[in-house]
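Presented below are the structures under discussion, each in the form of structure tokens.
Below, chain A partners chain B and then partners chain C, in two separate complexes.
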Partner chain A sequence: MSPRESRDHDQGAGAVLLCGEVRTCLLPAHQALDVRAAAQLLRLRADERVLVSERPNLYARSPDALTGVDCPLPSASGAKVRAVGTVAARGALTEGRVLQTSARLSLTARGPDHRQPWGHYLVRPGLLEPFGRLPREAVAEGVLAGARRGELDVGLIADGLLTRLLRHPLLDQRPPFKSRPTRLRWTALTAGPGTDRPVIERLTLAEDELRTLALRVPSGADPAEVAALCEDLALHDWLLTTLVRLLDGSRLGSADGTAVVRALRPAVDHLLHLWMPRARLDPAFAALWDALEERPGFTRQWEALVRRIRDQLALHAIPALHQEAVMAP
Partner chain B sequence: MTEAVFRETAAEPRTQAVPLAHLSLELGHLYMEDFEAGPERLRRHFAQVVHWAEAVRGSTAAATGKRPRISTCFLIDDYFTRFSTPRELVPQLLEEAERAGLSIDYLARESGCAVADGAQVAEAVAGRLVESPPPGAYGARPPAGQTGWLANGERSPVARTPQAMKKAIPWQAPRETAARQHSVFLDVELWSERPGGGKLWSCPFLAAVWQLARLGLLRHEGQAVLTPRPHEGPFPDDWDEMPPLLQLQERAAPFAAYRTCSVLPNRFMPVEHAVRVVLDQTEVDPGALQQVAARSAGEGAAVPASVADRISYVFYAGQ
Partner chain C sequence: MLVFAASDKGGTGRSVTSANLAYQRALLGDHVAYVDFDFGSPTAAAVFDVPGAIRGIQENGLHSYLEGETNEPAKIDVWRQTEHPVLRNRPNQAGRLVLFPGNISGGEFATDDDTLERCVDLLLRLNTEFDLIVVDLSAGRSYAMDMVLAATAHPRMRHVPFRWLVFHRWTRQHVIAAAGLVHKDHGILDCGAGHGHDREALRGHIRFVRAAVPDPESPLWSQVTPAQAAWMQACDEALRRLASDNRIGDSVVLGIVPLEPILQWREQLITEEDVLSKQIANKETLEALEEIARRLTDDACWGRP
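Moving on to the complex of A and B:
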């Protein structure tokens, strides 16, 4: 997929703050979906194709669905800033197994102090205009801290799309193992001239299932590309979280070998082949992975976990040998 | 960084471009009651339209500063009621237009706005409705198009039977979101359920689809829909055998245009108000939108950003 072919109109023209939220969960279906079924699941609109890509892994993404909002923005300073526009949301399925929904929006530095005809906002999909000037730092902080009731809640929109997709008749609601969904909330302030590369300012594992990510991106960055980076991070963070949980629950070292194998088997069947950071990212954003590989070392942790699982399975695959060794004098 | 060497065509969205005129001028709609009223009704209609059409041509030429490309079209209802046959009706229609000095370039069937060449056109447009949020909407509202109704504001809350010991909630007024001081609230029925199942699209909704077709903004999976087909041979005996959009004049300007104008009797006013409400809340294909914006700007005839602002009307007094 060429990132430059992005169909989005929300090219961030005049946007000074981008933000969004990603939901990641295991697809509740016994069998992973194939390409055709994935395209069927993600067909949010009758007239728009689902993007399907088979290299380097199987990936399908829905067209954007818009939701209109007109409400105050969350803000750390308590400033009440009303904004009007649309939030873009899309769903994606990786290897027919991991389902994600992602909602995003861009905010302009300033806007008219009264509401425009709705058509004005509709031709700027994914863009919100504040009434007056946007206190961007305060709003960025407010978004990461979470919206209060009545304030713009991007997560609700990602949730709404996820609920809609999870109800699809293609899904038999029989996931192959237990797992928990995760949320990643992100903001990206645009940097002034002279900054040509995006940077990760802060990645926080906030609560159990919530991660927050603060980015700084060059002005004019494509919000769809920034969202793609966040979706990629959220996917791999979910994989790590889920694998750690599987290992936690497998009672390694206990005498019952079959129990361990039974606990670890879903990892081998459904997860181990999914690790593929930066598979479809714009090169500028893909480079951000380097920092994460350095610290905390996502891939390092993943490889260690995978080795552990393989060692365990190898160990339990040779019970006879194991028994003999114990019985020898 | 180098450009991608590896590409997957299925992973890249494409939008087909369509030829565009400056103006699509609609010379009328024909419903069964018009047909039943006899050829005099059509004659009177075209006798009125010819003057307004001339004025519209003049104003378009003044706005573009050159000889504008203008195509004319006419819509026949074969969706709500079936009457007559193309073989009988179309020559009559063309004759009356010609008598008034008008030439119809393109002839469309209303059912083509519901389904055209296998594409579910109306269903696709319904899927693109993005409701205008009333103040206070923060993302918790269900998506548009579940009820079959679309409003230009907030409806009155439903009055419930008061429970014992509780005060009845007094009536609250509906509110137009874009109101200036006072509201003109409109709630449009987009479709109803057919007795045998399936949707019966409403006249205003199909008229909104018709406007989008004339503005060159309809696509199905990136491909243009409701594209004109040339007229050959005699007109068929069955409406279904006639293409949804027929090109009658070989040298006509393109069917789709930057702007539209419709000359209609004023009984169409409520329908066309509803059309504006629908268009104002329809997110059209961004690729198509961009193509029209770029081409019109390149010609020095830039279109208004908002789709609903690209359409205009002349309502004349009469039936």
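Moving on to the complex of A and C:
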């Protein structure tokens, strides 16, 4: 099954602004989930199958769950714009270890001045129509700045799905190490004719846990593919952040070798094999990674951290060998 | 690990002591969350010196979260948002210290199944992120106490270790009240057993902290007359017997915090600077807090080999 299967469902055409939020966390289970368990966890709907793929790594993704919304949009200019439609959300599990939920929506440039029957919105999953004209730049800014009370908060929908998944009885709630979840909030304005490549306009670390990403994408871009790019970015940003924190907390250089090994071991057991940027991206979006590899240099940093961890473990293995050699007759 | 801070009466130093324990553990490198379930009178903001940060939290404190009005409770990074001059310089290698405040104007409230599920969600999420989660409960037999007893008996929480600290002052009434909170009708054990806890196992997870205890040997009392000194000794003896008779004797005491003048005046964190350079706090107080903080995770102090 291809990750692009959802293309038929999503409403990219006619949308001028796409936005969403991705939550990423360590799965709170002692053992990583195997394919079958991952599919069970992500079976949100009985009538739709979970997408499972084992190459190049183990990955499972739920079908979309829709949430109907009718509320004002956040807006940097303070303009009150009401929109009606559905938000699509899905969960994904990478290597049975990293859990993500992602909610996304597309907005049209304008919509009718009154609410249509729900059937109208239900056949356009993930699409919202504004009442009147959409001030798209202001709304994009507003989304990145964060919704205020009462406004459409796509992050809450991602969080709601995460809460639901975390309650699943398959999870024994024994995470193998302490880690922090992250949030990636994103917007993508569609570019006019003549632009055929997506670009990253801004990627920032707003707070400890929040990243914001502003994209520009060709008009007609598939929202599910844009979300897949953001999920891939969020996953690798979480991996980097988590590995940096593990190293931070490990007190390298302290005399207590066993403590260092104990602190670094989770990285070896659970994280180091997960790095695989753009594993399943549409080629047009995969190209965006090139810019990130240039600056800030995601893979470069990852490889430096991995080398450091391996060197530390090798270093702490030496005295053990030495002692064994001494004790041997 | 979860640590629940309980007391039967107000004014036992429960909040200020448990906040100090959280602070000490963060200094040791643990990531610590301090969760303010003292719904009647949240004081954590004062102890951590974050009044400015608290003012913004009218709507998304823990009350709003538990009642389902907000999905993410507000949190305050103490190192970053405190107005305390010493705390602002987060020491090297210190862990995170994050306060989850209650709403400014929220009282006690009844809990239903939905609230319980949300409480479990919260505690589990904190458990994935923090090494130690200190939960400060309202004084007495409160809804908060009932809720966390139900939460820790919940099947989803079966692998999350927890411990209870019961704080009391060193007086007749406080000793009797603290023992009652644990052992008497509708106390922690009764209530816990009602929610499915094993009574004996639960009892093994409870330790007592005596707060504001006057030490007759302390220089604070060096000026007292011989008659006063003898009377104090006798009282101390009598209290020890009373505590022991009420099953809260020395074997289940995790630590003793001496009477500390600055804590009598103001709820605050005791820093090394208060002891060493400003010399406004006693060394013994800081040492006692450090020792209790250490014992929180020392299995030998909890009847485990």
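Going forward, the second predicted complex is superposed on the first by the 311 of 329 C-alpha atoms of A that agree within 3 Å, B and C clash if a C-alpha of one lies under 4 Å from a C-alpha of the other, contacts with A are read in each partner's own complex, and residues count from 1 in each chain.
We take it that a residue touches a chain if its C-beta (ideal position, glycine included) is under 8 Å from a C-beta of that chain, and two chains touch if they have at least 3 such contacts.
The shown structure was predicted, so the numbers you read here are calculated from the model rather than taken from an experiment.
*Asks:* Kindly say whether there is room for both chain B and chain C on chain A in the superposition, answering fit or clash.
*Replies:* Verdict on chain A: chain B and chain C fit.
*Asks:* Can A:Leu156 be said to touch chain B (first), chain C (second), both, or neither?
*Replies:* Both: A:Leu156 reaches chain B and chain C.
*Asks:* Which partner chains sit in contact with A:Arg36 here, chain B, chain C, both or neither? Use first/second/both/neither.
*Replies:* neither
*Asks:* After superposing on chain A, what angle in degrees do the C-alpha centres of chain B and chain C form at the C-alpha centre of chain A, to the nearest 10?
*Replies:* Here the answer is 100 degrees.
*Asks:* A:Arg115 contacts which: chain B (first), chain C (second), both, neither?
*Replies:* In the superposition, A:Arg115 contacts chain B only.
*Asks:* Which of the two, chain B or chain C, is in touch with more residues of chain A?
*Replies:* Chain A has more residues touched by B than by the other partner.
*Asks:* Is A:Ala147 in contact with chain B, with chain C, with both, or with neither (first, second, both, neither)?
*Replies:* first
*Asks:* Identify the partner contact of A:Arg197: answer first if only chain B is touched, second if only chain C is, both if each is, neither if none is.
*Replies:* neither
*Asks:* One more residue to check, A:Arg133. First (chain B), second (chain C), both or neither?
*Replies:* neither
*Asks:* Could you say whether A:Arg262 touches chain B, chain C, both of them, or neither, answering first, second, both or neither?
*Replies:* Neither partner.
*Asks:* Give, as a whole number of angstrom, the minimum Cα separation of chain B and chain C in the superposed three-chain arrangement.
*Replies:* Superposition on chain A places chain B and chain C at a least C-alpha distance of 8 Å.
*Asks:* Does any part of chain A touch chain B in one structure and chain C in the other, and if so which residues?
*Replies:* 156, 160
*Asks:* Would you tell me which residues of chain A are touching chain B in their complex?
*Replies:* So the residues of chain A touching chain B come out as 1-2, 4-5, 7-9, 44-49, 51-55, 65-72, 82, 84, 86-87, 115, 117-120, 122-123, 125, 147, 150-154, 156-157, 160, 164, 283-284.
*Asks:* Note which residues of chain C are touching chain A in the complex, please.
*Replies:* Residues 29, 31, 59, 71-72, 77, 93, 95, 117, 121, 124-125, 127-131, 156-160.
*Asks:* Given the complex with chain A, which residues does chain B contribute to the contact?
*Replies:* 1, 3-4, 6-8, 10-13, 15, 119-120, 123-124, 127-128, 130-143, 177-178, 219-222, 279-283, 285-287, 289-290, 305-309
*Asks:* Of all residues in chain A, which touch chain C in the complex?
*Replies:* 25-26, 28, 149, 156, 159-160, 163, 166-167, 172-175, 178-181, 208, 249, 251
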